[in-house]
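Letters A, B and C mark the chains in the order given here, with residues in each chain numbered from 1 onward.
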């Protein structure tokens, strides 16, 4: 490695030691605090002698599994679009998400579901942990290829805590609705990552420009991620909603919204492409914006038409963002955004939050009937008007943007700690820095890469 | 583009304008006609105060999700087998299916499920819409690589209407059984596409011969599609059947039928291959014929042995079709069939319909007991004999073949409209015509392709 | 082919004839013995007039589908990591598993679930058959690239029988618990394959050394397998457990165990890698060891901490196994293990069995309450103490190791039958021996491969 053997050793050991340290810490905390909930514990479940069919497992597990596929296969392969960063895209997604599941079980547990000082876990906590992992991966998308795995784990460590607090403020204190996470997952994850990326801004990045694009087959691997995210998004948004009509309606709205964002993405991509050609970057990403934009309003009485309109708008904004706004973001605002998370999660997330404000404000007893109690309990109980619920929803968005920006700033400073390994400007978007790449050991032995191992910023 | 700037602009704008037009039209129709059904509507569901567990969502959504994966990931990647048409295979599948889901919600809704002039939607309509999308994608497979996206959207526009009418005639007027769609999906989609392909016959296609094959990795991408289609096919066939034993039996029959078509495909592929080698085209496609062939009889008392026998036969016929019949189809009948849909969906679909005729004709009160009412209600009610039900099943096949052939012919004429963009004979099976292909902008700038942009047939 | 035309023909016909013979035999046995069970049979189900919601289909089918994906897509793509054996990895997985599903329906049916001389099939038998297929594919992983498809089918024929007998001895005679198959699937499959590989040891294998590694994109295809195995493993382990808390707890334990094995795998891989680099072989395989190690104890009151600890240990042992033990296994013990199944399934399987011994031995009425009856019925009934149950569990492991070793030895001798086609030492890990490989027909026509077609050992 560059520099003295000691520092090289220090660099080499960062990832393993951090993994072991974090795993050791979560394991101890699990031993002390985490217990089976009454639906997973043999004694508690049978003590209640329920019918097996009542176990929440049967109502939420299929949706959980679909969301679980999205987090690991969906995000993972979508981030494999770079020509030389497929191992990092899929591999670091795998690492970060696995850690986030453990850590956010603890964070969310302490904040939401302690019983007698113990955290109770079951399928619902599994869904919540996967949602937090999703936010972490969105932030990862902003800095994909420009950060080392140890940096990413520290980012996940901090982000998971702030995600949990923000979610607690919104859902428990402000009592806003955000089942699919337009605010808590997408807006939070995107702006946390973008501000963090701003702090880590690399002016010399053009040194890696030749590696920033995709190649034919890496685009097809990315489409694996896109398609699985697209087909399972209805399960993602409906996984934590109230049972019965709530899950059913949320899945249906998401399904329609995605079809509309797909059509608008193809339309806009061809419209703005040279020679009217379609751009894979738009199809891989903007077509998914329909899932993001109904993350808040999907469980409400959005109406099928409302779902189409929202999806259409999201796909349009997202595609135009990739074409016109991403370059400005880097040139003017010094924010480098590898996966364009601002276009897929940032703007559509904010739109989704505003859609939630609108639909909540329009809620009436006629439209929801007895169901109003399960969608807007405070409004049903007469403790809030629909308008005040709408104002709370809006306030939730502002809180989220604040937590995300401050958190992302702190995260950026944390990742700049001088001893943390990070790829050199000329080594970004290159798997060989952190991975054994098949068939290239010898070339690399005396090749140009040899000289440019990860550097510390010291 | 080739020709005058104006026509070039016209060509460039075809896809975006058509997408926007179609999306605008479906959105307006959704606003006027589409409403949540009593299981997705907050007021209606709670008014009935059901137990959440009764919501149809819990009985059909997992099967729906599996079928949804098949349509987008299964068909999409299976159609990515061409060396230079992976973007088009996955991407146009994505576009066509997304549009078909919206459009067939309207068409099927008007025909099947209007209540007070309104279309009621829920998980069942989602399943039906995905089934129609499946038929459209089968037709797409016949013309893969030889049509432009605007042409394909117009094909989907027409085919979805005819699919809905044919399905209505079979299921509602003739009251034949076809849960998994051997007739309504596979036979209809295949022959619609084949007749359409006949109308679009290109005598000069050998100009693109060098792009018609696969390469090593494109075959592996195609296997992603094959495997997901194969594992989820039991869910596809059972998604719309009666609950309880109906779904259970259909899934079981499909599962066994697919194992048999896989074994017969490997056997026949090695038998007819030079040096006894296996051909990936057979494995990717014919091994799936077992799912097609039990699309009608799968919910009947086919028996596990019957499922094996049917699957074995379908795999055999399909493999032999790829080896011997596809060349004849092009040479003698002037029908070009890129994916060999005649072998995977056409012949196995017809066999499946005939199997349905046979098994329906053998239905007895002994074999079905009280269950006869849910599989063959008219026979149970004494309004039809098993034999007359069988005759109706056979008539359903003839109706389907008629609708498919006439519809495919009309579709072909529609797609020949002179102003519609379509790849030149030398540009078929080439992504670069409609997609920005990474790393080839410069080459293409003054390269041979430059001169041979999509032409209009004017 | 090498040698006389007749033998060449004999070689060519081995696979097709064996497929047809096996399919014919299973079809006849299905006709005579296999019947729908009371939950899939129209008459039996309606005779009982149950509510549809009671049908076991709704409790087990979603988990079955996830396990089904693991067997075909998970194992298939994980075995596509070799640079020139992707067709064989995915394709032969497809063939072997399809056959094993049929054959083990019969074998397991005769041993477990005959009613009046008939085998009753339904979703439970589908799960069991997929589990047997999993064991066969584990053994396949040990000899991947060094055996012909006809040899592999004979291996599956024998292994399925021994798998069924071993499973019967453990679950029905010894009444040990092993829901996720740490013993019956992983330990059995691994040691069966390793002993078989020992018998087929090839001292001249370095002739194929240049094909034994992966390339960049083959590693990404393998990650498709890894990710789907990882996300669905909780469904695999919980698919056959008791309903309610049993399935719920098993899924939760597996979920946590896998997160821990992922973290320990990344830690150890970087720790032992040169320059601290991560090795894709470890990530693709060892990260999954957490699913293997809780295959026995996952349904017990392992506690979430116990799941993390077990997963951490399994990932560690597995990664170290790949790095240090696999070379010794070949050099000292003459056992060639293409996929390192000893590291992913062998050692973690044994660890999982021992974990089961431990947790069973610690079972108390306090911890399980009324649930003890569903996890350890004999202990609940007072017919065994927890300690004696633990001893039975340990005995189950020894029985499994014995069946696997003896069976693998017999299997090796069977596969050495002189007339069976097998790739030459210089032709191992090469798809072109058994597959038409696109774009290489001409080269192969007079190329070096031409001379080295599969040889018989005669």
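As a working rule, contacts are C-beta pairs under 8 Å (C-beta built on N, C-alpha and C of every residue); 3 or more make two chains touch, one makes a residue touch a chain.
What you see is a predicted model, and the numbers here were worked out from it, not measured in a lab.
The chains that touch both chain A and chain B are C. Judged by shared residue numbers over all numbers used at their interface, chain B and chain C contact each other through mostly different positions, with under half in common.
Centre-to-centre, using mean CA coordinates, chain B is 33 Å away from chain C. Among the residues of chain B, those in touch with two or more other chains are 53, 58, 62, 217, 224.
Note for the complex: chain C touches chain B at residues 1, 11-13, 15-17, 19-20, 22-23, 26-27, 30-31, 34-36, 39-47, 49-50, 52-53, 55-58, 61-62, 65, 68-69, 72-73, 76-77, 80, 86-87, 90-91, 94-95, 98-99, 101-102, 121-123, 126, 149, 217, 221, 224, 434-439, 453.
For chain A in complex with chain B, the residues that touch the partner chain are 53-54, 58-59, 62-63, 66, 83, 213-217, 219-220, 223-224, 227-228, 230-232, 234-235, 243-249, 251-252, 255-256, 258-260, 262-264, 266-268, 270-271, 273-280, 283, 287, 301, 303-305, 308-309, 312, 366-372, 374-375.
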